[in-house]
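For reference, chains read A, B, C, D, E and F in written order, and residue numbers begin at 1 within each chain.
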Amino acid sequence: MVRIDGRQTNDLRDVTLDMHFTKHPEGSVLISMGDTKVICNASLEDRVPPFLRGKGKGWITAEYAMLPRATAERTIRESSKGKVTGRTMEIQRLIGRALRTVVDLNKMGEKTIWIDCDVIQADGGTRTAAITGAFVAMCLAFEKAMREERMTEWPVTDFLAAISVGIDETKQVLLDLCYAEDSTADVDMNVVMTGSGALVEVQGTGEEAVFSRAELNAMLDVAEKGIQELVNLQKEKLGQTSDRIQDTKGVGADGN
Amino acid sequence: MVRIDGRQTNDLRDVTLDMHFTKHPEGSVLISMGDTKVICNASLEDRVPPFLRGKGKGWITAEYAMLPRATAERTIRESSKGKVTGRTMEIQRLIGRALRTVVDLNKMGEKTIWIDCDVIQADGGTRTAAITGAFVAMCLAFEKAMREERMTEWPVTDFLAAISVGIDETKQVLLDLCYAEDSTADVDMNVVMTGSGALVEVQGTGEEAVFSRAELNAMLDVAEKGIQELVNLQKEKLGQTSDRIQDTKGVGADGN
Amino acid sequence: MVRIDGRQTNDLRDVTLDMHFTKHPEGSVLISMGDTKVICNASLEDRVPPFLRGKGKGWITAEYAMLPRATAERTIRESSKGKVTGRTMEIQRLIGRALRTVVDLNKMGEKTIWIDCDVIQADGGTRTAAITGAFVAMCLAFEKAMREERMTEWPVTDFLAAISVGIDETKQVLLDLCYAEDSTADVDMNVVMTGSGALVEVQGTGEEAVFSRAELNAMLDVAEKGIQELVNLQKEKLGQTSDRIQDTKGVGADGN
Amino acid sequence: MVRIDGRQTNDLRDVTLDMHFTKHPEGSVLISMGDTKVICNASLEDRVPPFLRGKGKGWITAEYAMLPRATAERTIRESSKGKVTGRTMEIQRLIGRALRTVVDLNKMGEKTIWIDCDVIQADGGTRTAAITGAFVAMCLAFEKAMREERMTEWPVTDFLAAISVGIDETKQVLLDLCYAEDSTADVDMNVVMTGSGALVEVQGTGEEAVFSRAELNAMLDVAEKGIQELVNLQKEKLGQTSDRIQDTKGVGADGN
Amino acid sequence: MVRIDGRQTNDLRDVTLDMHFTKHPEGSVLISMGDTKVICNASLEDRVPPFLRGKGKGWITAEYAMLPRATAERTIRESSKGKVTGRTMEIQRLIGRALRTVVDLNKMGEKTIWIDCDVIQADGGTRTAAITGAFVAMCLAFEKAMREERMTEWPVTDFLAAISVGIDETKQVLLDLCYAEDSTADVDMNVVMTGSGALVEVQGTGEEAVFSRAELNAMLDVAEKGIQELVNLQKEKLGQTSDRIQDTKGVGADGN
Amino acid sequence: MVRIDGRQTNDLRDVTLDMHFTKHPEGSVLISMGDTKVICNASLEDRVPPFLRGKGKGWITAEYAMLPRATAERTIRESSKGKVTGRTMEIQRLIGRALRTVVDLNKMGEKTIWIDCDVIQADGGTRTAAITGAFVAMCLAFEKAMREERMTEWPVTDFLAAISVGIDETKQVLLDLCYAEDSTADVDMNVVMTGSGALVEVQGTGEEAVFSRAELNAMLDVAEKGIQELVNLQKEKLGQTSDRIQDTKGVGADGN
């Protein structure tokens, strides 16, 4: 069966990584997955949050937002409401946590990477696109810091990407759901994995429906395929920076 | 190997459900899982949020909070800070979503169940205890509504319980982590399942470490055992109300 | 004339003090006055607010909240509203001020006692129950600090309890109003007194009615009787800690 | 003994009521008590808060603020902080409650009186000055409404004034404390009374000290004298409006 | 004398208008003026703010924000701070006011245009770029509404563009200041004009310096030249939509 | 043609400066321009905001507010809303910026002047009255600081005043618009000038209409006349302090 946009069930949408998208950030990437477009900026600061001061290690934190008209209907700007929604908080916590898994914070020194993911156009899968793009922006920032000798040790221990998978009403497992698919899916799952194929985060939810262990496994199989393709694109785009990651891999990021 | 509190790896802590804990709510339960104690209150209101008005169906929403000194160190009261943390938002969204999976909202009429989960003592696993206790409080509220003829159809289609599982530093899979175990675990996973054994929500996270597909499956096996024990306790405590759920099961909750 | 719950006009409701109610706080008490139930926790911190730093003395501050469903109708959680109501602020200021009257802050060193009063079930008189219970929780915290040698001098100079009194529509003076009485009373007064019978705070309000000097005195007479009974219960429950207070009494708390 | 500003213990400071102080409000008064100066404006609106809609009665509510430099040290503007302090909330609740005692809300129709008390210079006793001035501003607003036939029945049933009393370190009872006296007093009490001498509100507080029943009575005696003088000034300034109040007195304000 | 980026004193930077930049908004434009890049989205809603309801006319309102890393140093996200800065408020009020000048609100019917200007890269002149780009996005939205027959009358009465001018430390008048020039300029002025050359808004500010009437006139001369060039670009990009504006011009926008 | 209040087109309203209006501030002035009345207080603090610490120079900042009933209709208090409107922010930024233009911040040392402008009665032109009055309050504060030797160098380099001008529906240029004129004017402009006649700020806005260069110049001519009259009044009222300003003039305030 073919999907509403002509894809096979286990196809990704077209993915592009537009490197060095804006000029000010230490790392800047525009990731497009089909019509979902997210600006991922990484900023490197020479200080850490209070709970880490004096411990000699770094931190990675993330913020996520959507432009009001990234969506079909205009949504109210969170700065106008004066507070951030629960959905936004969940996503920014997820992005930060995922990135910290593949970084040896002890090698950063007392520095913070701020990741800003701003969705300029949404068509499903914004949080997973944000993770995949943020990983690349973070690597660009670290690469720049190494080049400028603000850092002396390479801290990234593995590649990292994320994808959504789901089960539609006909019980088909779909990879990389667009918005139309996402809003009618019975089960929705976000998976974050390393380049080595280890799981970092699994969030499966069936609000209208439940799912079996077999369905969980089928979704994970498809997710793994999609993530491997995303990691391949990251490797290609990061060029020599990829070699640094390969060399560090296996050393183990256990610094949190 | 025996755990720090003497349990076997796949043992739950002592669980109690103190029914009708306070007098005002339509449903009120104090759940204790070891030293974790959560007051779960269910309130039934005769109206629905704006997005559902006029559609003839109900809604279930949840709020979660900890008393400032539920924890070893006093935490600042969220009302004093003037905002709710990301962690709190994640948890309350999870509780509401999970409960809605086993309720046929069309049978509720235009009513809202407000679930309030207030942790008075925390020792790990507060969000899963909250779900397990909230399910019982919600059933008590529906039972009262049926008795008083505020509702005419029984809307709960299955039992629902939740538990945490994790992998410790020696790679052992542990069921129902207490705080000391949780804070040293490599991987932490929360699982929500129905009485029939279907998955509702799977959230596995490895901040300091990653995990394999085999480990994911081992954790799910143990979680399933624990949830079955919790559901058995729910059945026993709910008495005749359990029969209503059994009778409704299989009819399918597809009303969201 | 007998009251709606069968009490005589100058009877207290049944009062219990459930000592060491939760495990984390330095002092923890659940006070019940009839159906009014308040968890009173005392936390001891090794620092003081900015305006007291470097002065060698301590501070006592209080926070008060009600669970959303402590009341017959669910009230909105103050953390969700993002602000604390005027009523809450008035009560927490009152609790802190009252407790500071019977503590020699100079003997505390630069420490703060945080009092958290959380009403889990409300049936009138929550603020006075909170004061009576908070005094006991505070004493438990100081006792623990003395035992662990975090403090060297006993700072509590007298017992402290509070009660509500009122005048009903038939001009009867009532002690310890339950909610049904409170909502129909013409005059409502909260009285805080020491174990020695000195007044600490008198707040008499007649929103729908006014009151005479004679009525004020009649209310104070009844309040004094009720407070003496509460202090007797505090003495019994505090056991040996009571002796410390007796020994310190007369020395004078003039440290603010 | 003579006081720091030359007064006898039971002397008021110089009191003036500057009628029709600003041009827009329905009632506007600048009250000066010594160096304490408060602009009291009363606005009459043709609607009531939601909880009173459709009940055919009125409401009176108050707001209180200080200019940042009303005090010796500049205080931060509450609008800049984004929230109102507990002290402000206590005061504005007190002002509204006190005024409602002498108004038959049923005679107002569905109207609201907004009282705005803005302290432009503070030297102790701002909340009691606010009540005494607000009463006059409210009467001016009602007078105007009667004249313009927006209202048909006179709703004010008695005069209302307030004063502070205290006990200094030498145990002297002082009337109408200025700031220097207030900040060194052992006991501080605010008393609100009607023109007929009935008590409306008694708030006595001894933060650093306690007080006896005898001292309470001595303070009330002095307060009564002061309030009578304030009421006499109100009568004189209100002229013919005073007659309306006299005529309504005894009819009873029981409309809340 | 040549400027730091090689321009003559009265040269604009390179300007581009990237039409239909994102897919969801009714009108979407990315404007670039040198390194300043602003996404301008126009959303058309079928309702008006409360103060306009039932009057049969429309409204235009604007919001403005910068991505955290649009600037050389990362700025805190306004949604995280929970409030919008004064600078942001000034700018969004300016954008809305300027656009309303060239629209006959009576011809819109009860509709609102929401303008969202999001700066993704900042290098001076973001507010004037936002106005110039927002005008085009608004025209695209109106064009679409006409095409889809949501509107029947063309409401835009003239072109509108804005530019910054300034006086540098050597008293030279500069057109279209980049950030480096802006931060060292003595005087900074923003000018908004119509396509017909009428002034809409003039905001001249000399924080470190003052300016004479002659200097004001010199700045206006240069601004006029720059705005004419911007309007020419708008005309070219809007194609046939430009004709609608030409035809409506002279009819007069007097609908506010 | 004569205006609604009998003035000629280029007449100011009656202006008074009530010096030393309240007792606590270092400088305090009540400015009245017709029925517009603004309390302008200047507070001198011995510290500067974080961004200026350690630089040896001072800062001037302003806050502006209206009493709720300064206007014909009561407006909601910004402290109750919990946030400051865009209009308020624009005005307070303008006041601070304008005053800093005529002060040599280097001569202040690390001190801050807080300007508080509180409108107690509004009838148009509150922001310009606030600037004219604030300048005088600031001079009083500096004069006091010189007298008390908290400062050693006189920092004010020129006089400063502000006025509104506008163009009415008959194309007449009007000076110092009252509220009734302001709300029907086609164009509204606020002009801030120094005593020497240099422009500090020009803000011309035509929301309903546009304006030509010729009209701009006509408005500036009239504004200049009005400001000169205001400066003459400032000189007279400041007496000997005026001499200090005259002596400093020409030295140049280039300290920001």
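Following the convention adopted for this analysis, a residue touches a chain if its C-beta (ideal position, glycine included) is under 8 Å from a C-beta of that chain, and two chains touch if they have at least 3 such contacts.
Computed from a predicted model, the values in this text were never measured in an experiment.
Trainee: Considering only chains that satisfy the touch condition with subunit C, which of them also satisfy it with subunit E?
Mentor: none
Trainee: Among the chains, which has its CA centre at the largest distance from subunit B's?
Mentor: Using the mean of the C-alpha atoms as each chain's centre, the farthest one from subunit B is F.
Trainee: With residue numbers as the basis of comparison, which of the pairs D-F, C-D or B-C duplicates the interface of A-B in over half of its contact pairs?
Mentor: C-D
Trainee: Let me have the rounded angstrom distance from the C-alpha centre of subunit A over to the C-alpha centre of subunit F, please.
Mentor: Taking the average C-alpha coordinate of subunit A and of subunit F, the gap between them is 52 Å.
Trainee: Mind checking the centre-to-centre distance between subunit E and subunit F? Centres are C-alpha means, answer in whole Å.
Mentor: 29
Trainee: Which positions in subunit B are in touch with at least two other chains?
Mentor: As it turns out, subunit B has residues touching two or more other chains at 82-83.
Trainee: From subunit C, moving on to its ring neighbour subunit D, which chains come in turn until the ring closes?
Mentor: C, D, F, E, A, B
Trainee: Could you please specify the touching residues of subunit E with respect to subunit F in the complex?
Mentor: 83, 85-87, 89-90, 92-93, 97, 100-101, 189, 194, 198-213, 216-217, 220, 254, 256
Trainee: Taking the touch rule as given, give the residues of subunit E at its contact with subunit A in the complex, in rising order.
Mentor: The touching residues are 22-25, 28, 35, 37, 39, 41, 43, 45, 63, 65, 67-72, 74, 77-84, 88, 114, 116, 118, 120-122.
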